[in-house]
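Shared chain: chain A. Partners: chain B in the first complex, chain C in the second.
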Partner chain A sequence: MKTVDARGLSCPQPVILLKKAMGSKENAYELIADSQTVVENCTRFAKSQGYNVSVNDNGGEFKLSITK
Partner chain B sequence: MSDKKERTLIIAAGAIVGLFGALLVKFGNPKNMGFCIACFLRDIAGAVGLHKAAVVQYIRPEIIGLVLGAFIIALATKEFKPKGGSSPFTRFFLAFFVMVGALVFLGCPLRMVLRMAGGDLNAYIGFVGFVCGILCGVFFLNKGFSLKRSYAQPALEGAGISIVMVALLVLLVAAPAFIAFSESGPGSMRAPLAIALCAGLIVGAAAQKSRLCMVGGIRDVVLFKDFKLITGFAVIFVVCLIANLALGNFKLSMAEQPVAHTESLWNFLGLFLVGLGSCLLGGCPLRQLILAGEGNGDSAVAVLGFIVGAAFCHNFGLASSGNGTTPAGRIACIIGIAVCAIIGFMNLNNDQ
Partner chain C sequence: MGYDKSDDASVYKISEDTAVINTTDFFPPIVDDPYLFGQIAAANAISDVYAMGGVPKLALNVMTVPKSLDMDTVREILRGGYDKAMEAGVIITGGHTINSEEPIYGLAVTGFVHPDKVLSNSAARPGDALILTKRLGTGIITTAAKADADMVDSQVLESVYAQMATLNKYAAEVMADFDVHSCTDITGFGLVGHACEMAMGSATSIHIQAEGLNYYKDAMEFADMGLIPAGAYNNRDYTKGKVLNESGIPLALEDILYDPQTSGGLLIALPMDQAEACLKRMAAAGVTACKAGFVTEADDYEIYIEK
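Right, the complex of A and B next:
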């Protein structure tokens, strides 16, 4: 499973990295983010690509499980 | 946050910005300038003596409100996060030249929308330039452009700009002799302090929650076919257009528009520079203010870049006026586009 580390990146780089990672068409990805905005943007994008997203908030650091 | 809630927030934020954009003019701001991040930061630069253009000096409460509104709502909703360290020097210069572009055009992207909603056809030409600038920015982003990661910083680093805004508010209210306030020109045209401050606070909070961004709107449609942010952009336009029509502030023309000029090439190139530079910064000037309020020190440095850029624009005759652009402004605009392009190329493939 590919992991995208989006911590500390400016908009829209987290979504670009996720989009590039999704080029491999895997069924599951993990994304690490450190802002609510990145969580919202990446969730929206993943859903638009037909994935389901679950978010785990670990004290301000978020882990997104992105699965088909 | 659910999709529906996000959509409701961005529509509400757009409506609030559009409404205040029209109402602040009714209350005394210059026409088509209910909000203008570039113009208002330029006025602040003048008020604190960084430039001597007597007609554009005032500590604009809207700016104070925008930053503090974002700061307060971010604190209240646990989104205040001090961070920084993502190429601050480069960001300073990108912001410097974004301001040059904005003052060649005469407005930030937000004022561009408000001018469009006031019937100013020059702003439509600027809009085309703005879109082209963003498309260039998207080119760099797709090639792996990055100013590298930011990291957690001490609380004071994140709160610093909000403390500065409180200090500016004290100076505005106390009005000591060393602070300059315009007695004529756009700087003398102002909504009452309390109204302007409240408008800023409300818009700042709404923009923070909704992530409203003029650059992000077009960028995200091109990159991801994501229409969230551009919805905010469209709602600002529609609401402000309706309010302007109702208030009698709509005039469809190119000539004789308030605080605007008719040099189409430079309206295009000015906003081209703003679109490109803002895309590389990660958001429009409004968004930089909001991010700064949320604790992003890199965005706070960008705000300083805007202020210093504005000071240079007026000290060295780069800023346009109703009479048109200046030779120095045209040269600075071209240099700015070149500098942004160099910064773009020099920071490719940084995304890992």
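Right, the complex of A and C next:
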């Protein structure tokens, strides 16, 4: 499973990275983020590409499980 | 104007018939073309004077440039500023530039207004209609362009850039012929943020009629893809608890209501029975404008988002 590390990045960079990663059309990705904005934007991008997203908040560090 | 009402500029009365308006705004490049950037920065800085009901007359350049920036680029930025200022009838008489890591450009602008004609952003009255000029969604479109320029239709992007470089002068000239109670320009806080300031300052509530607004339709698609500037989320946070939205409008349209604008349009409160005539005059003057909602007595929330 591909992991996108979006920590320290500001929008729209994380969405760009996720979009690039999704070029491989896998069924599952993981994204690590450290801001709510990145979580929301990446969730919306993943959903627009037909993925489901679940978010795990680990005290300010978020892990997004993105699956088909 | 006082410090408590978050007005667009400072106003100082120097005689019975003249008050001075002072304002400044500047930011780092938001477009690649330096000439266009200069124009947008100038249009944005001058806008506050129009929002106060004044006529801009003088300006000073405010600029920082990294040592690495070539002189041609610097000259192009300044040329954009001068040309836009000239269109506004503003003379740039000088300014100041320092070295810095990031380039920044803007203006400190001086304008004049009759003390009785000052438009504050906190004088909307129940029964007023709200008119909004320019289109919303430019923050989302420029964010999408930053992510991947190929994703944005070039004509749409050109239109967004042209709009950001458009002076609010023409809208202000039309507005001057009506009994406008209150005005502000839409910038970083987005439509909801600035409307919220107007509602709070005026001790009223404001109803925003979302589906009648002018906005870039492509911004809906990009919002659904998560290409939303962080500022839009901040604006949502700032206004939390002050906004009631039971409209059922799509989330993407809601995002557009919170989208921060660079050099956005004017939000004008005027008597309801003058709204149609004002919109007609705006159209005749080539100004993009629409009815954005209406003002009521203060209710439980500052802002009501409706269909």
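The rule we apply is simple: the second predicted complex is superposed on the first by the 68 of 68 C-alpha atoms of A that agree within 3 Å, B and C clash if a C-alpha of one lies under 4 Å from a C-alpha of the other, contacts with A are read in each partner's own complex, and residues count from 1 in each chain.
To be clear about the criterion, a residue touches a chain if its C-beta (ideal position, glycine included) is under 8 Å from a C-beta of that chain, and two chains touch if they have at least 3 such contacts.
Keep in mind the model is a prediction, meaning the values are calculated, not measured.
Aligning the shared chain A places chain B and chain C in steric conflict. Applying the stated contact rule after C-alpha superposition, one finds that A:S48 touches each of chain B and chain C.
Looking at the shared chain after the overlay, A:K63 reaches neither chain B nor chain C.
When both complexes are overlaid on chain A, the residue A:L17 reaches chain B alone and has no touch with chain C. Of the two partner chains, chain B is the only one that A:L9 touches; chain C does not reach it. Set against each other, chain B and chain C touch different numbers of residues in chain A, with B touching more. Legend: residue contacts after superposition of the two complexes on their common chain; A:D34 is shown touching chain B, with no touch to chain C.
Only one of the chain B stretches 44-52, 170-178 or 188-196 carries C-alpha atoms that clash with chain C in the superposed arrangement, namely 188-196. Residues 10-12, 15-16, 19, 35-37, 40-41, 44-45, 48 of chain A lie in contact with chain B in one complex and with chain C in the other.
Those residues of chain C lying in contact with chain A across their complex are 143-144, 146-148, 223-230, 233.
Across the interface of their complex, chain B is touched by residues 7-13, 15-17, 19, 34-37, 40-41, 44-45, 47-48, 60 of chain A. Residues of chain A that touch chain C in their complex: 10-12, 15-16, 19, 35-37, 40-45, 48. Looking at the complex, you find that chain B touches chain A at residues 1, 3, 6, 78-79, 81, 83, 86, 141-142, 146-147, 149-151, 211, 213, 216, 219-220, 223-226, 228, 281-283, 298, 351.
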